[in-house]
Amino acid sequence: MENIIEISGLHFSYPADDGKEAAEVLKGIDLTIKEGEFVAVLGHNGSGKSTLAKHINAILLPTEGKVVVGGIDTADEARIFELRQCAGMVFQNPDNQIVSSVVEEDVAFALENLGVPYEEMRRRVDDALKAVNMYDYRQHSPSQLSGGQKQRIAIAGIIAMQPRCIILDEPTAMLDPQGRKEVMATIRRMNREQGITIVLITHYMDEAAQCDRVVVMDKGTIALDDTPREVFSHVERVMEIGLDVPQVTELAWELRKAGCDIPQDIITEQECVEAIQKLFAQNKAISR
Amino acid sequence: MAILETQQLTYTYSIGSPFEKTAVDHVDLKIEEGEMVGVMGHTGSGKSTLIQHFNGLLRPTSGKVLLDGQDIWADKKKIRDVRFQVGLVFQYPEYQIFEETVFKDIAFGPRNMGLDEKEIKRRVLETAHDIGLKEELLKRSPFELSGGQKRRVAIAGVMAMEPKVLILDEPTAGLDPAGRDKILAHIKAYHERRKNTILIVSHSMEDIAGFADKILVMNKAKLFCYDDTEKVFGRAEEISEIGLDVPQITKVFVELKKQGLDFGKEVYTVPYARDLLLKHLHGKAGDGQC
Amino acid sequence: MLRDVTIGQYFPGNSLIHRLDPRFKIVITLIYILMLFTGSNVVCLAVGAVYTLIAIYLSRIPLKMFWKSVKPLLPFLLITALLNILLVDSGDVVFKWKFLKITTGGINISVFMIIRIVLLIMGSSLLTYTTSPITLTDAIERLLSPLKLLKFPVHELAMMMSIALRFVPTLIEETDKIMSAQKARGAEIDTGSFMTRAKNMISILVPLFISSFRRADELATAMECRCYNGGEGRTRLRQLKAAPRDVVALIITIMFYAAAIAVSIVYKQLTK
């Protein structure tokens, strides 16, 4: 598979404000993401994960190093619209990224900006709305929708551009559990059915556990980069960074510490149930 | 005596319009003094409407709200006093901060109570300490602080009114795990020191399972259940059915029980699960080793 | 509660009037206003009234909604009418007491003015009742588009208007929330003396401004990410196509205007 995102030696500092020193937020990031991957970038607030996301879309430009997305250097101003079509971005607050008072017109916003002819625009808008299961709401006003629905509209607005990659910057942080599920299901479907590369910035470990790959950021560097199973098996390291591991992983780790013979890489409920059963079968202790 | 009580509390929005909707439907509830209560329910279940009745921000369509046995609407002019006795912290409370300094913002509530400067100062300092804000922060502008700090300033603003009942609507929404743990730990410590009544609304059972004495679940405008935490988790499957998440660890033990491994206890926290398993694995002694 | 307030006063519907092209509706409303103000006698206004009533009937919007839009202006209308009655001195004297003098001319002018303004309000309400604010903005943008040649920022203005409309419900909800939060901290907003209320308004306005700035900032970034680059080369999803009925409606309006002028000329001849 081709690399869609290539980040090398990326350093970034916000310019020095009067009186304040320039703080380096990203301290040498090397990261490549292959086309079609579903990657979670996990990290606590201030770890630099959002700053990293903004580099993929040329909202921020590197102080040092290079970011290449879909073969386009983000520093190449002449190709910025091409870049932003290739890699779309969804933000945290659903309210602050919806431009229009009518759902379908909001989805069309990027296409209108790109000057797509009417017939094609109509088709792409309808397809995008159907892809996020919001077609029936096309004439609604965004203020009538729930947080999860608004976020799906924002995703549709990006899908309509037919991007190869979508970067989502904590898209579920402001949603209730129902909204989070809707949005996660939508993202996963986009990845599986349309082969769109997903970069999901989050601090929810349960979301990261659904991805192919987890990149953990800490203090402006990449601390861990592996499959969710591998990453979460480093329970101590993950907790030290200030993140959670799934409860089942934590339980297995606690039991191991107490000397039980239980695998370290448990990340699903089913695995945990089986492991505990096995433990009791071996032990032949009280089991009714 | 119950500190907060509702009798057949009902609230209907936009009566007479096509949008008419009953958000709270004949709720009877008694909350005892000094309890730590977790409030759950999904969006639109009526939990937010319910808690806005406790401090008189909303007036019941029918039914009563009693604070210390007194109907809070008996004298309409005293409703402002009710708001000082039942402190309500809204979701994303940092968006209500407006003063130039952290001190002044925390002092806003106490000042509205008409307290003297000395008392205001004492309360601000004490609450700042309770919520883990260092004293040197008090002189700073709240807008320079980090997200988690701003949230704590806003919570302190309500705590400083020293309410008998403190209600927090999703105090950890949008925070990262470290920020979440910090705020919950401070609330817990505050509760232990002051022994006052606290209600915490949360979507995440994993957050509140560890320290709530009781859990209140709202569903479709009705009170679904209000009981001891352990008993509520005994109904884990019913709770999942109404669309709420139960802790992952509870799901594991529900499944184990189905498979014939019954420990006879409701499990909802990891340390408890560990101790329980070790005890059973090791026979009756349970010295915490495998 | 604040969120009960309807903004834009649009009544969704599917009547003939609703379906008219908004550009035509704006032009027709302008002709209608012209008709009211060039018509200088009662007969001319009668024609206008007939026209208005037919249009309202076709819109299927209950008459009482129009009464609602006139009502707030009534005190103003009555005071102006009273001043006209007392100050205009022409025609026969109807009533005289000390320095007060009421003449037929004064009465005529007052009645005439009231009817004219009521018709004006009803006509323009019909436009906003049957056209959503966003459609209206869109139509204005297109009608003004020739001004682009004069470097007038038509697109930018329309974009600003439509974003403002988009954020009205969001900000109403937000104001509501901030008000509740400050009330929970004992701020007196609906009670208390004028001074405390004014002071407490600050506790609502400051957070509201800060949040609006934050929203504006985030929205600008989101728009940039979706390749927004001003009005140049934009296409639109919302297509406005004039139908034969729009032309018919325009012609009918012009006919009414012509009729009003003709009738008033005849009327003048007769009353000479």
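A, B and C label the chains in the order they appear, each numbered from 1.
In this text, a contact is a pair of C-beta atoms (placed from the backbone, for glycine too) under 8 Å apart; a residue touches a chain by one contact, two chains touch by 3 or more.
Keep in mind it's a predicted model, so treat the numbers as computed, not measured.
If each chain is drawn as a node and touching chains are joined, the picture has every node linked to every other.
Compared on C-beta pairs in contact, B-C and A-C come out with A-C as the pair having more. Chain geometry summary: the mean Cα position of subunit A and that of subunit B are 30 Å apart. Centroid to centroid, with C-alpha atoms defining each point, subunit B and subunit C lie 47 Å apart. Work out the mean CA point of subunit A and of subunit C, and you get 46 Å between them. The set of subunit C residues touching two or more other chains is empty.
Multi-chain contact residues of subunit B, defined as those touching 2 or more other chains: none present.
Subunit B meets subunit A in the complex at residues 42-43, 146-148, 173-179, 203-204, 206, 243-245, 247-249, 251-252, 255-256, 259-262, 270-271, 273-274, 277-278, 280-283, 288-290.
Residues 44-46, 146, 173-174, 176-179, 203, 205, 242-244, 246-248, 250-251, 254-255, 258-261, 269-270, 272-273, 276-277, 279-280, 283, 285-288 of subunit A touch subunit B in their complex. Residues 14, 17, 52, 55, 57, 80, 83-84, 87-90, 93, 95-98, 108-109, 112-113, 143, 157-158, 161 of subunit B touch subunit C in their complex.
Across the interface of their complex, subunit A is touched by residues 132-134, 162-163, 165-166, 169-170, 173, 214-215, 218-219, 221-229, 233-239 of subunit C. Taken together, the subunit A residues at the contact with subunit C in this complex read 57, 59, 81, 84-85, 88-89, 91, 93, 95-102, 104-105, 108-118, 121-122, 125, 141-143, 157-158, 161.
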